[in-house]
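Shared between the two complexes below is subunit A, which pairs with subunit B and subunit C, respectively.
Our next item is the complex of A and B:
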């Protein structure tokens, strides 16, 4: 949404622009990547972007799990949602940096921690190719059409507040950039017949596009808490977890695999004795 | 004309709205769904007067489309991948009955190995169905070809269905600048559909009877001639479109930097965009390379390709699907057309299952085409980006 709105703002300013998401197996709240190109002439390239001039990071914690600044050069720039000032922030490469507490802004303006439009306000502050006015117009267009004038107004305000609260400077580049551990076998090592071997990892398929690479535990917004004392070992939770994250122990007690648990709450729902409680936030016990 | 920021799926929906389609049978499938969602919105806002009919499968969708078109109304639908495969049987009911249905197929890999990303292995097998097929490159072309498709399909010299193919996600979900024409301009370009004959109780006709062998050859030949004649109509409609809206697409093929090119690549869909960027880079370095965007797979531009490729030192074809052990389908078709021309041709298979195609990939393709004139060094087919043991 943010990438597309940015493109629309650039188009309103008379530029050519292109925006597209990268779709994986994901849901709202899961880490997503989206790309925007802006130029003065028709844009021909349609590949993903590997050497961005600017990286916009909507969630600071992504720095811990994803190589989000890969390909960013020292003459590039970054816009980050954080409480920190640029000089206190380490993203792994020292670049021109703008920071804004977009989460607080969003909660103030929208009553929800949805930071897209706030981040666009911050982008307008540092990117010469778009004006705040066009960003706000693009936001009003997109949100007005979908969610009505009040939502449009609130999002336009979020962009304004973020614009006003954006701090500019240079961030630090001391931390090492996390690497994604993608399994890329040669063609004769790919399992024959799209059959994924179970391997010895509980609850995880191994193979092309498999969940071993996709740490779905990062999607969780609430976590199942298991009470061993209450559990009657009926195994309903083990049977129904859609992600095979409930591990069956030898005595038929269970254990949650938090690396992959998405926090859907189905286990708590099916438990006949309330031995599983869904607790808000990302926890492990 | 208004300027909008639209994805190709939304651009198609705008095209359908401007073409005033009246019946739209639908079944949801990613990455086509955005088209139907916006059309449903247009209808509920009273901006499009059409019946959107949710059917229980794609097979039923095409059955409804056949009925609607036979009933004499302008009909639209869209699908992708497994949906197109499920339609396969009903696709064949359309051309021989000469029903000018327009359908958008958002190219998506046909599983297994399943995925939601772009590959052409869903639409390529349907070349034999009798549908015209055009592959588009950007959101503007997606909108413009939706309009052109109706004018081509409904031309009495043609009366064939048109499948507009666009790459899933790379195009369907990419937002870019699109000129949306005014309704009046479109009405002047695309008059209301006047069916040749239609299902009407007061003047009964029988459609789609069983056909004994005494007639089949003649009926097939008739269809073959109609497909062949459609080549001229494609050109004429593109000219008329250019006169009306200022944008032309070259008809069956679109040539780029071909005047003095010694080496060229034939490519369709969004890969043409990135290939064009590679041509710009290579030209700046003094290399004589050019690009042919193959727009129509049916009718196939046999004469156009023979003319455009004559005098080339070498030619490459980029295929986004493969016929196992027999190269990609575009390569096979191009080789058939250029038989006897003496131009060496190599096949370059890439972008399968939506794998990203970069300018660097395309530069490599051109280097391999240039190298293909050297005796002894040449493979006929390259699988780009394939991970294999070196040496």
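Our next item is the complex of A and C:
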């Protein structure tokens, strides 16, 4: 949303711009990333951005768990939501930095810690390509249309307050940039005839069993509701679920893992005692 | 499904080697088959998958739904690649099952010569064909496995022709002609039979071939929730027969009580909806002959001439591998 609003603000200023989310199925609750690309010419490139000129970090704690500043150019800049001043902040690369306490700003203006519009105000302060005025206009358009004029006004205010409260300077580059747990083995490092155990595949982005980071449950339009009382523990549903999301418990009762359930309805179809009922919509029980 | 058929699901290990988060269509029959095959084959398994739906949905870059090593090269070479993997493992002293899981295109058509080579050399590998009766990964083109009458994008339905004109190739007979160590047909709706056959294949050494019917929701134009029911009806109508071959003999492993009319199976699938009476009769007649081939006179086939008052069919002589 913020990436898109930034692109719209740039377009209002006469530039060409594009915005898009990270390409790939992300774990629910995982850090979200999105990209904005701004140019004076028409943009034909469609790839993700690997070497950004600016990184906007909405949550300071991400620095501990995600390589957020990876690829940032040394002449680039960063905008970070933090209470710290730039000179007190260590993001792993020493670049031009702007810091803002966007969380406090959002709570003041929006009564909720939703920081994207506040962060856009801070971006307007450091990024020559957009003006605060155009940012606010883009915010008003987007929020006005979706949530009404009062929400638009509050978010415009958040941008203003953040713009005013942004401190500029240079941050530190002492810490090492965390790397995601990744496994990109050479061919001869692949264990032959050996399987990784479930505890090893949790959090592994690449390699055996890593598909569990793809939350296919978002595909579903109806959801299986399980009635434990009726269940005769025949395990037909466990056998026939294509998405391996009927989990078999110690006593052969079952449990649906809704993070992956695509709502195909096979489990309900094969159940001999109607212990599973398909309910329209995305639900969890 | 009778009560005794399901009893051995309970005996299956509760340990998944094919995990959630893969990208198969909701209701995918291939995913159901592969999940349970992997539960039974277990940890000491190396998997090879050629170009097909399975490789695309189980290896969404950069992830893998297999907890075992998974290899992928080209489309036509399953028999050759699993031969090579086994040879390398033998050389390095690694034990375990080497399994190749290919689609029907990769088995019946383009992969046939590599399959035949591996079978003829009696390689110590397990070859599994997950048969969704068309080239699904590239958007539903006909294969040697597509049944008579079925719509695909390359057997369209129009004024000139109506779906595929040829009968389904009998790949099991081709494989059996190599006298493999073990060969069997499987259904995702006959759990007990399925489990027993995978287990058997796992513990034998030599060339083993498993052929699973795997309903495909977009390719067969079906409802996602019906994949298992359709697989079951395939057996009841004779569109699929459950048997196994070992020690030079084929044996039915499940006999329906009676032959149900093929229309019961066809009507659940959009790919057959256009079929006229002539085509239905042609298919039904072919099925009756096939029924006899597998079951002899053991199982009644009252469904053999139900359209347009056709003459009743009667099959006689020795069944080839009916029991």
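Here is the rule we use: the second predicted complex is superposed on the first by the 174 of 285 C-alpha atoms of A that agree within 3 Å, B and C clash if a C-alpha of one lies under 4 Å from a C-alpha of the other, contacts with A are read in each partner's own complex, and residues count from 1 in each chain.
We adopt the following convention: a contact is a pair of C-beta atoms (placed from the backbone, for glycine too) under 8 Å apart; a residue touches a chain by one contact, two chains touch by 3 or more.
All values derive from a computational prediction rather than experimental measurement.
> Based on the superposed arrangement, let me know which partner A:260 touches: subunit B (first), subunit C (second), both, or neither?
second
> Does subunit C touch more residues of subunit A than subunit B does, or is it the other way round?
Of subunit B and subunit C, more residues of subunit A lie in contact with C.
> Going by the contact rule set out at the top, does A:238 touch subunit B (first), subunit C (second), both, or neither?
second
> Under the stated touch criterion, which partner chain does A:216 make contact with: subunit B (first), subunit C (second), both, or neither?
Only subunit C; A:216 stays clear of subunit B.
> With the two complexes superposed on chain A, say which partner A:8 touches: subunit B (first), subunit C (second), both, or neither.
In the superposition, A:8 contacts subunit B only.
> Considering each complex separately, which residues of subunit A are in contact with subunit B in the first and with subunit C in the second?
184, 194, 208-209
> Which residues of subunit B touch subunit A in their complex?
Those residues of subunit B that touch subunit A are 3, 5, 7, 31, 112-113, 115-117, 169-171, 173-177, 270-271, 273-274, 276-277, 280, 356-359, 361, 386-389.
> Over in the complex, which subunit C residues touch subunit A? Could you list them?
Of all residues in subunit C, those touching subunit A are 1, 6, 9-10, 12, 14, 16-24, 26-29, 31-32, 35-36, 43-46, 58, 60, 62-70, 89, 92, 94-96, 188, 191, 223-229.
> So in the complex, the part of subunit A that touches subunit B is made up of which residues?
Within the complex, subunit A touches subunit B at residues 4, 7-8, 11, 16-21, 23, 43-48, 50, 138, 184-188, 194, 208-209.
> Which subunit A residues qualify as touching subunit C in the complex?
Residue positions touching the partner: 25, 184, 190-196, 198, 201, 205-216, 219-220, 234-236, 238-245, 248, 252, 257, 259-260, 262-266, 268-270, 272, 278.
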